[in-house]
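In the two assemblies presented below, chain A is common to both, partnered first by chain B and then by chain C.
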Partner chain A sequence: MDRKEILTGLIEVLRTVRTVDPAKLENVTEETDFLTDMNTPSTELINIAAKVEQKFDIEFEDEDIDEMGSKVKDIIDLIIKVKARTDAEKE
Partner chain B sequence: MITDVSQIGENLVGDLPENWLLHGPTKRYVDAYHWHNPKVGIVASYTPTAFDVNDHFDIFRGVDQIESFAQASVVSCGAFLQCKKSNITPRMLSEQFIPTFIQVGSVHFHSYLEKGQTFINIGFVKFFKWRQVVCDGRIYRVPKGLDLDAYFKDFDEERLLKYDLGEGFSMIAELFDITGRGIKKEIFEELQQK
Partner chain C sequence: MQAGRKVAIVGMGGAFPDCADIAEFDKKIFAGQSLIREWPKAAAYGKQVRSTVSAYINDDDLGLEPIYLMDGYDWPETFVDTRKRIPDLNLSTADLGSVWAMMGSLDSIEMAGWTKAETESEQTAVVIASGGANNVIMRHGWHAFFELGKKSRAAGSHTVDRTMSYREAANVSCLIKNKGVCESIVSACATGLGNIGYAARLISFGLQDRAIAGGVESTSLETFIGFDGMQVLSKGFAAAQSSRPFDVNRNGFVCSFGAGIVALEEYEMAKARGAKILAVIDSYFNNSDGDGNMFYPSYEGQQRLWKGLMANGGVKPDVVKVHGTATPVGDIIELMSVIDTLGEDGYHITAPKSLFGHMLGGAGSVELITAILMLQNQKVTPSINSDNLNTEPEGFQLKEGWTGSTKPAAAYRHMIPQETLAKEINQVVCLNYGFGGTNSAMAISRAN
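For the complex of A and B:
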C-alpha cells in the first residue's frame, strides 16, 4: 500500500468524522495540519486514530499515539510504521 | 497505600479513593467506591463538607460535581485499567503520567446538593484506549441514612445501564463525554513551554 492509497483511505475515514468539515477535505495534502488547517479539536485526533485502526486493520500502541504529530503526513508515516510492525509480528 | 501490584484487586470496591486519587485531600471528591466493573463502569459516593461549600451558599458547586464525577469515573476507572494493563501501582503510574481533563461534552443540571448531602456518581466507560477515557453518567442524591455498600452489594451491569435505582434517589445531573487522558510527563512539560 503506497502513500497515495493510504491518503485516499484516510480521507474516507475523515469523511465519517463529525467535526471535520467535508469542504476542507477537497484540498487535503500530506502537509495539511489537522489542528491548524482543519480546525479539528485535539481530542478528535484520538477518535480519528481509532477509526484509522479499523480502516487499515492495524493496532496502535500507547507510545504510537504519544508520538503522533498533527499533520496528515505524520499519520501516514505512523500507519506505514505500524503496518510494517504488524506484518513483521505475523511472520 | 498500594506499594505492590499484588495489592490491586479485581475492582475498586472497598479500596480507598486516596490510593487512586493521589491529589488531595481537600480537592478529592470521592469518599468510597460501592460498585465497579472495570470495563463497564462505577458507582462512587461523596458527601460535600463545610469546606467544599464555603463562600457558596452552602451549595456544592456545579463544577465540583463535574470534578467529582470525573474523579470517580474517568480518573479512578482509567487509573485502574492502566495499572492492570501495565502491571504497575497507581504511584508508579503517577510518576510517568499527568492525569489531564481533556473535554467536558455536556452537562445538564436538574437539581443541587447541599453540605452533608451524600450523592453517588454513576459512570459508564464509553472509551478506554491509549490512556484516554471517556465516560457518561449521572449524579444522584442518596436517601438519608442509606447503607450504600449494602445497597450496591448485589448490583449488576444491567441495572447500572438502566440507572435502576430504588425510590428516594434524586437525579442531580446528567453528564456526557467527560474525557480525560494520562499524558506523559515529558509531553506535558513540553506543552507548558509553548
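For the complex of A and C:
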C-alpha cells in the first residue's frame, strides 16, 4: 500500500467525520494540517485515529497517538510504521 | 407550585413517532389514528422478545441521515441534518434523542418568538432530560471494549457526551447558548412533566425568566428489552390495538419513543411583548408514594398528589389527562383516585397512551403537548381501544382498608370518550408517575 492509496483511504475516513468540512477535503495534501487548515476540533483527532485503525485494520499504541503530529503526512507516516510493525508481528 | 410569578407556555416542538412534525401529530391523534406499529427491529429477534410493537422513530426519520462506523456497526456514529437545522459540530456530540431535543428547542424558540439576546440571556434556562443514559451507544462501546478487547477509543471520543444523563440539556444549551440554568431532572416516567414543572418553578420563584424544558426518550431496542424482560409490555394484539388503557383485556403498556419540548416564559413579560400564549401553568405539584414499593402504584400517594396540586385553589379541570399506561393495576387505581377527587361527572378523562404508547422519559412532555393541543382544538383526545370496561370491581377494591370507590370501571364509561369529543375546555390536568413511587401533576389553562 503506497502513500497515495493511504491518502485516498484517509480521505474516505474523513468524509465520515462530520466535523470536518467536506469542501476542505477537495484539496487535501500531505501537508494539510488538521488543526490549523481544517479546523478539526482536537477531540475529533482521536475519533479519526480510531476510524483509521478500523479502516486499515491496525492498532496504534497509545504512545503512537500521543506523539502524532497534526498534519496529514504524520498520520500517513504512522499508518505505514504501524502496518509494518503489525506485519512483522504476524510473521 | 407556590404562589409566585405566573408562567406561560409560548412555544412547543419535539419528535413524534410516524409523524413528520407537530402538525401531523395533531391531525393524527385527534383523528384517533394510532401511531403504534409493528417494530421490525424488535421482531427480528424472534422468540427472544415477547412484544414487537412500538411507536418508534427511525434513525433516518425527520430529515436525519445516520453516519455509521465503517466496520459495519449498526449504530449511528453521528447524524447529518439534511435540512440544515443543526450544525455538524453540535450533531457530533449528540445522540438521537439530543438531536430531537435540539430540533424541538429550535421549533419552540421560533414559535415563542424570542430574540437572540433573549435566548442567550442569563435569564434563560434549559431543563431537559430522558429516562436514562443512551443505551444504544453504551452497549456498543462496552461490547467493543469488554467482549472484543478493543482499545477504549474504539467507541469513539463522544461516548461520554452522547450518553451522559444530562446530554439533552447539555446539547441544547451548547446549541442555543443560553447563560442561565442548564440541568436535567430525572424521575423515570415522570421525567417529561418533572422537567417542565421544575423549569416552571424556576420562573415562578423569580430565578429565571424563560426556559426551554421537556423530556425525551430516544429509540432504543436496549431500553425496550429491559421492559420486555419485566413482562410488562402489551402482547397479543395487532399494533394499533395494542395500547388499551382501561380496557378489561389490557395486559401491559407499549414501549414507545419520542420527545416533547416547550418554551416557558414569565407571563407578564410574554404578554407585554405580545407573544402568542399557548397555555398558562396554573399549578404544579410532585411527591412520592412513601410506601417503600418501587413499582406498585399508590392510591394514597395519588390522593396526596391531588391535594398538593389543588392546595392554592383554581384547579377545576374540564379534562384529566391520565398517565393511563394500560398495565393491569395502575389504570384503575388512577381512575379511582381521579374520581374520588373530582367526582363522577362534569369533566372527562383521556389516556393518550392509547394512541402512541408510553414514551417513558418523553411521556410527560409529549402528553403535556397533547393537552395544549386539546386546549387549542377544544377537543378531548380519544381513548381508543378502551372497548370494554370491567363490569366487576377490581380485586384491590374489595380488600379491607380500601377507601376509594367500590364501583367497577364500567360505571365511569361516560367519562372516558372513545372518540374525539368537542367541548369547551378551559383547563386540563396532566398526571404522570414513575418507578420509585414518584408522582407529578400539572394544571394548564387557556390564556384568556
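The rule is simple: the second predicted complex is superposed on the first by the 91 of 91 C-alpha atoms of A that agree within 3 Å, B and C clash if a C-alpha of one lies under 4 Å from a C-alpha of the other, contacts with A are read in each partner's own complex, and residues count from 1 in each chain.
Assume a residue touches a chain if its C-beta (ideal position, glycine included) is under 8 Å from a C-beta of that chain, and two chains touch if they have at least 3 such contacts.
Here the structure is a predicted model, which means the values were calculated and not measured.
> Name the contact category of A:T19: first (chain B only), second (chain C only), both, or neither.
second
> By residue count, is chain A touched more by chain B or by chain C?
C
> Is A:D66 touching anything from chain B or chain C once the two structures are fitted on A? First, second, both or neither.
The answer is first: A:D66 touches chain B but not chain C.
> Name the contact category of A:A49: first (chain B only), second (chain C only), both, or neither.
The answer is both, since A:A49 touches chain B and chain C.
> Give me the intersection of chain A's contacts with chain B and its contacts with chain C, in residue numbers.
41, 43, 46, 49-50, 60, 62, 65
> In their shared complex, at which residues does chain A touch chain B?
41-43, 46, 49-50, 60, 62, 65-66
> So in the complex, the part of chain A that touches chain C is made up of which residues?
Of all residues in chain A, those touching chain C are 13, 16, 18-19, 41, 43-44, 46-47, 49-51, 53-55, 59-60, 62, 65.
> Which stretch or stretches of chain B touch chain A in the complex?
102-103, 127, 129-132, 179, 181, 184, 187
> Which residues of chain C touch chain A in their complex?
Against chain A, chain C makes touches at 67, 69-71, 77-80, 88-89, 91-92, 151, 153-158.
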